[in-house]
Each structure stands twice: as C-alpha cells, then as structure tokens.
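What follows are several structures.
First subunit A sits with subunit B, and in the next complex the same chain sits with subunit C.
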Partner chain A sequence: MKQKDLIAVFDNDRDLVKAIGTLKENNIPVKDVWTPFPVHDVLKMLGRESRLPYFSVAAGVGAVIVTFAFLYYTAVIDYPIRYGGKPYFAFPSFVVIIFLLTILLTFISTVIVFQVRTGLFPGKEAEVPVTGTTDDKFVISVGSKEGLADEIITEAQVILSANGAVEITEQER
Partner chain B sequence: MRETFTIPQRVRLLALILTGIGIIALITGFVTDQSRTFTSLLLNNYYFLSLSLGAVFFFSLHHVTDAGWSSMFKRIPESMASYVPFAFIVMLVLFAGVRDIYEWAEPGITETDALIAHKSPYLNIPFFYIRAILLFCAWIVLIILIRRASLRGDIEEGLAWHEKSKHLSMVYIFVFSITFTVASFDWIMSIDSHWFSTLFGIRAIVSSLYYAVALLVIIVILLNKAGYLEALNKYHLNDFARYLFRLSIVFGYLWFMQYLIIWYANIPETTFYYVYRVNEPWTLLFYAELVINWTIPFILLMSDDLARKKAVLIPVSILLLAGFYISLYIQIMPGTTGVLRIGFIEAGSFLGFAGVFMLLFLRTLSKAPLYVKKDPFIQESVSHHL
Partner chain C sequence: MDMYNTAVRPSLVEGNKSYRQVTSDIAGPAERTPARWWYIAMTVATLALLFGLWAMYVTVVEGLGTWGLNNSVGWGWDIINFVWWIGIGHAGTAFTIFLIVFRAKWTASISRAAEAMTVFAVMNAGLFPALHLGRIWLIFYIFPYPNTRGPLWVNFNSPLFWDVFAILTYLLLSVTLWYFGMVPDLATLRDRATSKIRKNIYGFFSMGWVGSVGNWVRYEALAKILGGLAAPLVVSVHTIVAIDFAVSVIPGWHTTILPPYFFVGAIFSGFAMVLTIMILIRKTFALTDFITKSHLDSICRVLLFGSMVLGLAYVTELFVAWYSGSEYEFFTFFKSRATGNYSAAFWIMIVCNAIIPQLLWSKKIRGSLGAMLVISIIINVGMWFERFVILISSLAQDYLPSSWVGYSPTIVDIGIYAGTFGIFACGMLMFIRFIPMIAISEVKGLTNQEKVNREDDNK
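On to the complex of A and B.
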C-alpha cells in the first residue's frame, strides 16, 4: 500500500501557527513545514529549535583558546622578539588579533556546520512540495513514516480547512 | 487600560526625601570642602544629563529607522529629557566652580605651563561659558520641539506631525553627536588638560545611549508592575536586552581601543593618564569599570532565553547604572580631587540628583497620556512579536 501525506497550503503565518496548534492538540503528526521566512513559533511548537547558536558559542570559545595559544607560541616560545620596549607576553597586543580571528573562525565554522547539518551544498535542488513556499505560501505536510490511517487523514483535513487552509492535496510517496 | 500616569504618593515622597538629602549634602559640602562638592556636582549633573540626552537619542534612532516595536514607550524618553533644563541651571552654578575643578582655569597657569598656554585659545573661561550655554540652548530647543511634535501628533489626525518628529529626530542625531562630543571634551576630558583622546567623544555618546537604555528598562518594568504599559511582553524585553548586549560590546570595544592605542604608542604625553589610573588606589575601580560594563552584561545577556527574563534584566540594568557612576568617577576624580573617597557628599548629592531627576521625570510623564493612541506604529508596538 502506498503511503500518503497531506499537503496544506496557507496564505499567512498566523493561520499556519493556529493550524499546527490544533493538529498537535489532536495528536496528528506534523511532518514538516515550509515558510518563506522564519516563523519562530513553528520551530518552538515542533521542537525543532536550532542548536546552531550553541555551536557558535562553543566555536567562539574554542577560537579564543586556539588563537591565544597560537599567539603565545609564536610570540613568546618559538620566536621571541622584543619590540617597542614591550614584554614578550604583551597581552593587549594579542587582544585585537584574538578578537578578529575569533569572529572569522566562528563564522566560517558555523557556516560549514550549518551547510553540513542541513544538507545544503551548491547546486542542490530545492525540496519544496509547492512552488509558492519560497514566495508567499505557507505549507504544512501531515504524515508519518508508517503512513496515516484514513480516519486520521479525514480528521486532519477537517482541522486544516477549519483553520484557513486555502488548498489541501494528498501526495503519494 | 490605564492610559494616563498618576504619580503615586509614596514615590513622590521618596523623591522629595532624596532631594532633601541632596540639599543637605550639598550645603555641608559647600561649607566644608568646596572643590570636592563642585566635583561631585559636575559628576552627578553629567551623569543625569547623559542619561536624559541618551534617552532622546535612543528614541530618535527609532524614529529615523521607522522602528515600530518601541513606540508605546515613547513618552518615557521624552519625560526623561525634562531633566535637561535643570542641568542647565546646575551648569550655571558650576560656572562658579570652574577654577576649583579644571587645572587650565587656574589663574596664571598659562605662564608656567606651556601646553596649557598652547591650548588656551580653546580652553579659556569665557569661551568655556559660551560653549556650554550654546550646547544647552541647542539641546533645550530640540527637546521642546520634539516633545511638542509628539504631543501634537497625538491630538491631530494624519501623519504630518509624525513626519515632523522624524525630521526633528534626524536633526537631533546630527546635533547631538557633535554637541555631546564637545560637551564631553569640555567638561570631562579637559579635567586632565594635558591629556587628549580623540575617541573620547564617541565613548561619551555610546555611554549615554547604553545607560539610558538600562534606565529605560528599569522604568518600563516598574511602570508595568504599577499597572501601566500592560502590553509589555517578553519580546519587548528581549529587544531592550539586545540593545544592552550590543552596546556592551561597543562599550568594551571603545574602552579597549582607547587603552590599546595609548599603550601601544607609549608616548608619555598620553600614557600618564592610564599609569595614574591603573595604580593604587584606583586599580580596583579601573578594572571594575570594564568588568561591570562589558563582561557581566556580555555573558548574562548572550542567551535570548535569559535576556528576556525580568529577574536578569533588572539586576543587570541596576549594575550598569552603578557601572556608569564608576566609569565617570574614574574619569573625573583622579584629575580633580585626586583622592578616592565616596563619603556623604558624593553619595548624598547623587541621591539628591536622583530625586530631582525622579520628580521632573514623573511630573512630565503624568502630563500626557502614556498610551500614544495616534502613533502610526502603536498597533505594531502593542502586538510586538518576534
């Protein structure tokens, strides 16, 4: 038997958020959501809040340590030169380099991790169920791995159209 | 929704008591130690002047960028600005103490000190008076115009007064950035008249905005607790916290830039300023300034979930207001009295100025409806959602 997903299209984010709330109350699984711009409530409701900021903080702390170690090694241990009457370990002069390299390393590593985690790479085809999701349409797909029972699909259809879905289609996988 | 603010009797009484303490402190101060009293007059006056001008700057930024989220708080910065005319009066009193505070104003110093003699075309008493009067005139005129445009916009239909406010905000930002630079050079930097830093003006401007936001956060939360500004939600607080977080970075950046360049260049002409301050008895205050104003807010406000909690925002804001005092103290005191002491004169006069600031603020706040119902952004502000 083929499995079916429900694809519901909305015109605005308020209806979309309301619909997701009602679906969750009725224990209907929401598989994915597409929106033209980030809607924070959706991430919160689906428990899909990004953990990228935590990675960034960790990368930033790591970058501070790495840069400091690099500067300390080069300026104090490996090739100590006295300049301007300053001590070898002249901390204030390290700060600017630590500051800049922390920004650079954090930024680069965050971008790389983001690309890897989301599976995005140059030339990748967009996976969108309805073409309008990058423009002005908000889409919920209802479904689960095992497929949905027919009565759940009907229930979901009722909920979605009651919450202002402008178009509901079934999609086979 | 309670639209117009009425001053609670208890708060008015508190403000009056604080003012009374301040008057007593100033009288004892002038009787016992005149130059010390003038110095703390300067510090406190600059402190509150900076907060009120910074608050208007904050709001002007929002007008210019058409930022909607803050328009329901509009009356608060406007009311904070009502301190400026009083600051002018205090400044006129301070004119009498110029010789007590500033080294360059001492009679006969131009004959013994070549550097001050070289700077004397700018740093002389008549020109100092003229500059201060011109600065205050510019601020007072602009603040009256901004307030009037805002009040008229609440009465009349249409966007004409809103556009006018926007235009005035642009003028204010331009004028403020120049005049406040001059003010900080004149009143604070010239205390160490041999020393100079071109970064001083922007530091003063950023500080005024930074601590004005901290004070705004406290006032907004207190008003909310008293039953006003019912639409205040965690997203507004989050936006305020973002201001504080970003400005803490700017503060730390500028603090360090001023230090680094002087440290690196190692020219005796400028290094003495820092050498004096990193040594006893100022060491603790010197580093406390950076820790309180940068490290603590930077760490505490980094996470949005923490930053939107009142239990975090209020202590951080109070700490920042204390940090501003320390920041000014370390800029003013070493060059004037040269002694580290916070006694009755300093603490009492600070409380007195706080009392006057409260009285003026509350009086202006109660004069106009707190809820600006004709502001074009008011709906966006009330239902602000991230």
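On to the complex of A and C.
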C-alpha cells in the first residue's frame, strides 16, 4: 500500500463527469474534485449535500424566540412605558422587529457556521494540488486514507486517460 | 449547458468562449492600469465627495439650522435623498433574488455590478437619517442596550425605529451577499496575480478558496439561504420606509397604497440605475459578449412594467383623493400637487416616470443604447421628483393655512447630496478597478463551451 494520491487534470466538465462516473462504476474512491464553477452532476455523483439549510431553519426559530423574549422583557417587564395609548404588549409592532431581527441573526449565524464548516476565513492559504482550478482546470484526486493498491492505481490511470485527462500525476502524502 | 439556450432567449454569453477566455475577458479590467478617463472621473468624484464632507462638517458643527428645513417642512432634501438612494439600492438585491431564488440565469452577468450599486446606495441612504439626528454623536441612543438611563429601552412601536433595524440589516445582508458572491472570483484573481502584493491582498480576501466539492456544495447552500432571506427583507425595507410616512396624519401620506407604491418605485428607479451603469460598463470594458443587447432588453421590459404599475398608482392616488371626499386629501392632490405651487414637480414626475418610459414598447428604442441611456437617466430624475412631490407638497401646505411656507434647499443640503454622488461614484470606480465586474464562476456555467467541445469532437 503506497501512501499516495493520483491527481488528474481535465479541460472541461463533460470529460470530468464521465471520468467520475467510470471511476465510481469500478469502485475506485474519489477523494476530492476541484472545479472553476459548481458542476452539479459532480456534487450529485459524490453524494455531497450540505446540511446548512437545516441549521439555518433552527437558527431562524431560535432567533424568533430570542427576539420575542427580548421585546417582551424590555417593553412589558423591565421598563413599561405607554406610547400613544398603545398597550405595553403591542404585538403588531413586535412582529416587524421580530421579522427583521430573525433575518439578521439567522444570516449572521449561517455565515459563521459556513466559515467554520468550510474552514474558509480571510487570510487562509489556498491549498490546492494543481493551480488553475479557479480558471479552466477541472481536477480529480483519487485516493483513500489507507492508500491504494498498485493495481487500483494502474486501473485508475487507464480510466482517467481514457476519459480525456490531459495530465495525470502521482502525489506522495 | 444547452438547457439555457432556448429559441425564446438568445444565448446568454455570445462568441463561443472557452473558460480561459471568460476568465481573462472579465478579470482583465481589474488587472490593467486604468485609462485616463478613470482618473478624470475619480478626480471629479473626489471633488464631489469633498464638497459633501464640508457640508456634513457644517451640519455637525453648526447644526440643522444650516439646512433649508423650517417649522412646517421638517423633512426636506435629506429624507428625499434618503428614500431616493435606498430605492436605487433595491435593484441590486432584486437581481440577486432573480438569480438565486427564481433562477433567472440571464441576471448572472449583471448581479455583481448591481449588488455593488446596492451597497454604495444603501450606505448613502443611511447617511441622511444619521445626519438628520443633529447630534450625531448620540446616535447610539437609538440602539436597545442596557443603559444607565433607566434602563430606558427604545420605542418599539415607532416605524422610524423599525427603519433603523431595516436599513442596518439590509446593509449588512447586501454587503455579505456581495462579498461572498465574489469570493470564488477573488480566488481567480489571486491565482492570476503576477505581483506579490496583489497575490497577498486577493489571497487574504479570497479566504483560501480552492473550488473543492466541500467548498461548492456549502457555498451553493449559503447562496440560497442568503438569497432566500434577502427576498422578504428587500420587500420589507421599502415597505417600512413607506410606513414612516403612512402612519402619520399628513394629507397625501396617510394612505394604504404607500407601501406597494414605494416598493415598485424603488425597484423601478433601481433598475433604471442598473441600466445606466450597464450601458456604460459594457462598452467601456468590452464586455458586450456578456452583457448583451438581450440583457438590456430584459431590463427595459422590467422598467416598462414598473412604469405602468407606477402610473396606475399615481392615478389611483388621484382617484381616491377625490372619491374619499376628504377635502384635505383633495386639496393636496388636486390643488397643491396637480395645479398649485408644486405642479411643475408633479408633472415632471408624471412625464418622466409614467409617460416617457412607454417609449420602451418600441423594439427600436430597446435596441438603441443612446435612447436607453437617456430614458434610464430621465427615470431617475423623475423618481427624485416623485419623492420631492410626496414630501414637500404635503408638508409645506397641510391643514392650517397659517403655517404654510415655502421650501428651498441651502448650499449645505446640495453639498450633502453631491457628496453622496461622490461616495457612489468613488465606490463604483474602485469596484470596476479592483473587482471582476461580472461573476466569473456564474458565467462559466452559461458559456457555449459544450458547443466548442462538440465541434472539437467533429474535427
């Protein structure tokens, strides 16, 4: 078992999708894929789905509760003042603030979770096997944690070049 | 990507471009030294900005007495310009929503610049109410935080307070949408950078983006969430601005039509500003393959629709003023606005917003860049006069003839307005100088690369 990955570079998304399809048919593990724009077929084939929307909904529900509690505490319990003869608990006015603060708190917390989960933050170094993935290069890395057997690497090389890889390199880990 | 090439709509990116060409076409202007006109424009914008800074200094140091406001007209140019700028801002968010929520792919090449416009316009808008506070150093009083004055919380029943949260949330969300939308493109610029300083600066802001599966899958989820949150927010912002007026008892303001009427007006003026900017950008930076005539045509159709809704709103207001039987309403709409002291502003508003845009029915005009540019500017002049009519005519002549006054702005009012143009122009010029004007990663998904591939196969 060699501790190395196979890095293949493609010139377009069509070849990339075909290659990933064939690799998957042959049970060869695809570690990661880098593309200049989101290729939805790839995301689907690798079965990757974000759970960010679930977090967002939870954060939204939390924000509604927190904002309502805050408004009720400040306007009714802590320092009740009559404004224009309206009741202390002026729900219709609260709705607007709850609406706005829910959006504010939800989007801020979602962005924070996005950054934590992707590990992206201002000033981070870009770690990428081949440059050009932000321009016109589509890159696959084949490999797994335990490393791959030599015959699998050879098989993967054949599949990748048959599907139009313009460059295949081995990368030691 | 043939699904976007239908018989109904011409291809969204012209000229059979490869991915590499798309990158260099769009990133190019941000990598070259700008032409001489850029420096001239920047100088003019900076002068306007300095004029504005002087006016703001006078406002803060001497007080609101330097403005043209008086006992009857308590909201003057400041609030007119506030509403005008924030309305312009709405279009950028509208484009983002069209792209992310409605998946209208034609907006992909416009949304970045439109969002830039939103960010600078909303910043300008926020300046006016802040300066109108008079004692701006006490601005923190408007935030509800535990304080030593009671603690005295804020009045949650006041639409003016709702506005604080609405504008603030809107500004933060539009900046976030804009910035996160450009992260993959900043990474593109980082990877193309030839000098170390460019590499470091773009590297810092691109947050280590590499375009891996983990990046994209969460990025797309984030875009949908932010777009989804922006959609109701943008409707609420101008609604709340309208409610600032509508909950008062001033004739001409106290109407239920105001929120939808304001919102449509906002989108209308914003789209006009987008059209102005797009016409100028596409020619100057040779981006005509990305911002095609078909794109401009689509914006014109939205403008046409907005113009008709707005025209209907004007007529509805007049009708209700008569039909309600309220003599004050009747006076404001028919005596003060349509035929009285403010009739010039009123008819400029009608002609610029409801009548001239009808020219866009003609396909010939929708194809003429000059005509579209002129119409788009006329619309924004008209929209400024709309806010002028709403504010000044209602305040200068309300219930008591004894308190009727005239209103005219002072040099300080004019200075602040000029200053906001300076901020806007400086911001947009810096944007086109340093940031890709079009979302590169979005547009790459729409190119004719597939067609190029097929032609390669046939060779």
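As a working rule, the second predicted complex is superposed on the first by the 171 of 173 C-alpha atoms of A that agree within 3 Å, B and C clash if a C-alpha of one lies under 4 Å from a C-alpha of the other, contacts with A are read in each partner's own complex, and residues count from 1 in each chain.
One rule holds for everything that comes next: contacts are C-beta pairs under 8 Å (C-beta built on N, C-alpha and C of every residue); 3 or more make two chains touch, one makes a residue touch a chain.
Owing to the predicted nature of the structure, the values given are computational and were not obtained by experimental measurement.
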*Once subunit A from each complex is brought into register, does subunit C clash with subunit B or fit beside it?*
clash
*Quick one: classify A:V95 as touching subunit B (first), subunit C (second), both or neither.*
first
*Identify the partner contact of A:G85: answer first if only subunit B is touched, second if only subunit C is, both if each is, neither if none is.*
first
*subunit B or subunit C: which reaches more residues on subunit A?*
C
*Based on the superposed arrangement, let me know which partner A:T134 touches: subunit B (first), subunit C (second), both, or neither?*
second
*asked:* So the two structures are superposed on chain A. Out of 8-16, 26-34, 152-160 or 170-178, which stretch of subunit B collides with subunit C?
replied: 170-178
*For subunit A, which residues lie in the overlap of the subunit B contacts and the subunit C contacts?*
84, 93, 96
*Which subunit B residues qualify as touching subunit A in the complex?*
256, 259-260, 263-264, 266, 302, 386
*Which subunit C residues qualify as touching subunit A in the complex?*
18-20, 23, 144, 150-153, 155-158, 162, 165-166, 168-169, 172-173, 176, 180, 183-184, 187-188, 190-192, 203-222, 224-226, 229, 232-233, 236, 240, 440-442, 444-445, 449-450, 453
*Considering the complex alone, what residue numbers of subunit A touch subunit C?*
12-14, 32-38, 42-43, 46, 48-50, 52-53, 56, 70-71, 74-75, 78-79, 81, 83-84, 86, 90, 93-94, 96-97, 99-101, 103-104, 106-108, 110-111, 114-115, 117-128, 131-136
*Can you check the complex and tell me which residues of subunit A touch subunit B?*
40, 57, 84-85, 92-93, 95-96
